[in-house]
Amino acid sequence: MSEAFVTALLELADDHLVLGHRLSEWCGHAPMLEEDLALPNMALDLIGAARGLYARAGEIEGKGRDEDDLAYLRGERAYLNCLLVERENGDFAQTMLRQLYFAAFMEPYWRAAASSDDPVLRGIAAKAVKEVAYHIRHAGEWVVRMGDGTGESARRMAEAVEELHRFTDELFFSSPAAEAAEAAGLLPVRAETRGAWEATIRTVFAEARLGWPAQVWAQQGGRAGAHGEALGHLLAEMQSLHRAHPGAAW
Amino acid sequence: MSEAFVTALLELADDHLVLGHRLSEWCGHAPMLEEDLALPNMALDLIGAARGLYARAGEIEGKGRDEDDLAYLRGERAYLNCLLVERENGDFAQTMLRQLYFAAFMEPYWRAAASSDDPVLRGIAAKAVKEVAYHIRHAGEWVVRMGDGTGESARRMAEAVEELHRFTDELFFSSPAAEAAEAAGLLPVRAETRGAWEATIRTVFAEARLGWPAQVWAQQGGRAGAHGEALGHLLAEMQSLHRAHPGAAW
Amino acid sequence: AAFLAAFQARIDAEEKIEPKDAMPEGYRRTLVRQIGQHAHSEIVGMLPEGNWITRAPSLRRKAALLAKVQDEGGHGLYLYSAAETLGVSREQMTEELLSGKAKYSSIFNYPTLSWADIGIIGWLVDGAAIMNQIPLCRCSFGPYARAMIRVCKEESFHQRQGYEIVMTLMRGTEAQKAMAQDALDRWWWPALMMFGPHDSESAHSEQSMAWKIKRFSNDALRQKFIDATVPQAEFLGLKVPDPDMVWDAGLNDGQGGYRHGPIDWDEFWRVVKGGGVMNRDRIRARRKAWEDGAWVREAARAHALKRAARKVAAE
Amino acid sequence: AAFLAAFQARIDAEEKIEPKDAMPEGYRRTLVRQIGQHAHSEIVGMLPEGNWITRAPSLRRKAALLAKVQDEGGHGLYLYSAAETLGVSREQMTEELLSGKAKYSSIFNYPTLSWADIGIIGWLVDGAAIMNQIPLCRCSFGPYARAMIRVCKEESFHQRQGYEIVMTLMRGTEAQKAMAQDALDRWWWPALMMFGPHDSESAHSEQSMAWKIKRFSNDALRQKFIDATVPQAEFLGLKVPDPDMVWDAGLNDGQGGYRHGPIDWDEFWRVVKGGGVMNRDRIRARRKAWEDGAWVREAARAHALKRAARKVAAE
């Protein structure tokens, strides 16, 4: 059991670190100063959650791996994040839609995690649930602004939906490890969040005048370490300094 | 002496590897299929020369470092390439102008290297001098096409000149190590290539209807490892896999 | 009908058809489609391997990979030229690729996730391509056959290089061995799918065989590939990820061969139809290169015109 | 003249000037220029440190750096707001930055070449900024003074954080120690230059002092900074790269201080005027963010208008 729980915690932690990293790439390059504050803000929330999750995973694993060992010394095939979060930032429409998709999933997930049998996870969830509500609001408002803004912004939002919607199915997929942890009452059942997720997204889409995508090829594989080509480059950069100085403290 | 020669060979090798790497980033993304062949072609010439130079440097150094140790295990501050070659590719105009600037310098340099007292360097030079003549021709033709093409291409070429010309002065600068190797008859005197370089560039610029830049802030520092911010990212990516598997053979 | 019979007689006599020869519209159309598809595959095929050029773990491998990807571009160039002899321009074919109208080999819709993929692609994917392409060197259409002769020569070099990369990994650290096995696990089935659907499902096969565009059936080529590859894998110390794979003495007309387990054709069709994880990314990358390069191609055209005009004026 | 005298009397009485108060045009202009420059420095200052966010060597450092760079954006926001109270819009100021008309602190035209730069920047550059800014908390213009109080609080936190990064490196491996010394060698002189030219060469100083926009001279602040920093460097085991640096008991009115060697003002002016290696890159990065974001800002405006129109229609 504990091995499965460790794996499932890593899935969750990797989601948060990778998405946080992606958001951090915007820092200093956002479309307006307010977003140069908002994007790192969300990134900080996500990286903060990742740190808590890695630490907990390392603790349960009991092999002495700390948050940095888990973040910096696992390669691409060992990363277990879902595909959605690793997608390149694209334009602001894609970045905000990705954020909305993920946050709308995490909100009911963290809410359900309040009744996890793992007290540490309950603590992480209690903090994260508030943060993620803000992410939904912030990203949702932008999706509405861009969807119902100018011709160009509407076109870009529609393209973002076409690009990213196919990665949303994977959010509700539980790996065998996650299933075991769910069955043991340690983690919420991913599939059960779908209703809440869809309600959130449909509300935003309606206001944004975005159509619900008709037919998409749902993609998955991240939970088995089968990623797209973008993650490897992200990790190469992220881990470069850490790996260049094995064993150093920072 | 031999220490200075090693350093001066590394300067030269780093120039070639870094520029070859930059060109290789275009592979599969060029504006036309012919350039998807021509750019890797030039990249291969440059990387080939780099390998010979690293091998020679390692040999003279005598500490058992081979070409890969020298390429993959030195950090940004130890890389001694000039600033020109590390500049990001920018658009095709910048890539081709950078190539022309560099090749027009290397051509007389390699010609002069035919009378180096180092036989290995003479061998490398004999091969490289032919390759680099092709680089001048190829890049020069493109600079002419773009400079004297459409309004947009002319604007982009002019911008490329403004962007890159300030890095050309450094080509003719000899570090103390290079000066020592030059004085010993091992390497050509960099400053002495300036006339040939300027003649080449002026000819191309005239045909391309490009003005000679009036006042530029000449930049240097690469020979002392003082780079811009682009090189670190290039090396992070280039060295990522090699560093992730210390000591492995590939 | 007399024309068709005469044409078929030439084919049957193993004469080469040349661009200026009269040919049935269906023959022309089949070739344009196939050569175009083949050319696009070379071009799109630059992307998955190109993904590792900047991270190649040694300078020797970096140079070899760069040269290999460049060769693929070169193959694309020969093939587009061969197709151009049939009256379709490269521009036109490119637009069909970018619009999704033209297909390319579905294998390139899989991502390259580790350095070992570069070895495995060279060994398996180029290996499968060669199996497919050697018979094409005797294709009835001359320009295609001649292009394939050059292509095949280079591909066998690539295949040996890929095999050698895998061998080096298998002689390396535990992590390197695991990397190689993992890559084989991911590429094995897609490589088998490269030969196309089973003969019973193959749409264009029969007529193509008659026209000697195609000379062996999909299943026959697949079997040949498997029989050649499984012993190589064993030699390398790799395990082919097919639990049903058995030696069957009755295969290949009693000479024996490896019988493979069932192929997941649902996955095959899904990826062909656009559902692979990389389909959109591949086309996006090609489209971006094409669109970003538009001003460059325009500049070249404009400059050529100016030059020509000046020449005329000077005469 | 009576107005000027009355204004000066308010200043001398340490009264705060508020946006709606009448003020001499020169006072207003000086403040707009200085606050704008200060705001731009915060914004451009996000870039050199932002360069290491994606490569920060531990998650704790990554989060701290991200938060720091975000704080700088926040400072930019307060300062633009303070300048807006004087009647210049943020848009206007941004355009002056992007066109090169407005300046920003020249220190940000140096590149960050290693992780140690992040520590050294926090310690030295934020340290120098605080020296400059603490007196500004008592600046005669109210909104600026109030913005500076918030800014200074955060900057001291950043400075401590930077110092701690350097300390960690100096307790680390030989490579880490070398990295820290190398960073100090590169940033020491630019940090001293942050206080501006010597008093004898400083253009705006005298009037700014009279108006209590400025309270200490450039040289006095620089000396204060050196006297505070040299002992810290010694404690860390770092060597300040100034061979002429000596303790001089006669400095600071006989209390003693460190006398520094000659500053390379040619380099200072060269970088101020655009000749630093990063000047073009910094402005290009800001311009790209601004231009790439144009459609987003437009969408926000268009949506706000639609919303307002719908609200009116519904009433």
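In this document, chain identifiers A, B, C and D correspond to the written order of the chains, with residue numbering beginning at 1 in each.
The rule we apply is simple: a contact is a pair of C-beta atoms (placed from the backbone, for glycine too) under 8 Å apart; a residue touches a chain by one contact, two chains touch by 3 or more.
In UniProt terms the chains read A, B = Phenylacetic acid degradation protein.
As the structure is a prediction and not an experimental result, all values here were calculated from the model.
Chemist: With contacts counted as defined, which of the two, A-D or A-C, has more C-beta pairs across the interface?
Modeler: The greater number of contacts lies at A-D.
Chemist: Farthest chain from subunit D, going by the mean of C-alpha atoms per chain?
Modeler: Chain centre farthest from subunit D's centre: C.
Chemist: Find the geometric centre of each of subunit B and subunit C from their Cα atoms only, then give the gap between the two centres in Å, rounded to an integer.
Modeler: Computed value for the inter-centroid distance: 35 Å.
Chemist: I'd like the Å distance between the centres of subunit C and subunit D, where a centre is the mean of that chain's Cα atoms.
Modeler: From the centre of subunit C to the centre of subunit D is 57 Å.
Chemist: For subunit C, give me the residues that contact two or more of the other chains.
Modeler: Subunit C, residues with two or more chain partners: 55.
Chemist: Two or more other chains in contact with one residue: find those residues in subunit A.
Modeler: Those would be 75, 236-237, 240-241.
Chemist: Which of line, ring, star, complete or other matches the graph of chains that touch?
Modeler: Basically it's none of the tidy shapes, so other.
Chemist: All pairs of touching chains, please: list them by chain label.
Modeler: Applying the touch rule to all chain pairs gives A-B, A-C, A-D, B-C, B-D.
Chemist: So in the complex, which bits of subunit A are touching subunit C?
Modeler: 75-77, 83, 163, 217, 219, 221, 226-229, 232, 236
Chemist: Give every residue of subunit C touching subunit B within the complex, in rising order.
Modeler: For subunit C paired with subunit B, touching residues are 43, 46-47, 50, 53-63, 66-67, 69-70, 73-74, 76-77, 80, 90, 115, 165, 168, 171-173, 175-176, 285, 288-289, 292-300, 302-303, 306.
Chemist: Mind pulling up the subunit B residues that touch subunit A in the complex?
Modeler: Touching subunit A: residues 75, 233, 235-237, 239-241, 243-244, 246 of subunit B.
Chemist: Taking the complex as given, what residues does subunit D use to touch subunit B?
Modeler: It is residues 48, 51, 55, 111-114, 182, 186, 270, 274-278, 280-281 of subunit D that touch subunit B.
Chemist: Quick check on the complex: what are the subunit B residues that touch subunit C?
Modeler: Listed in rising order, the residues are 17, 21, 24-25, 27-37, 40-41, 43-44, 47-48, 50-51, 54, 67-68, 71-72, 91-92, 144-146, 148-150, 152-153, 156, 237-238, 240-242, 245, 247-250.
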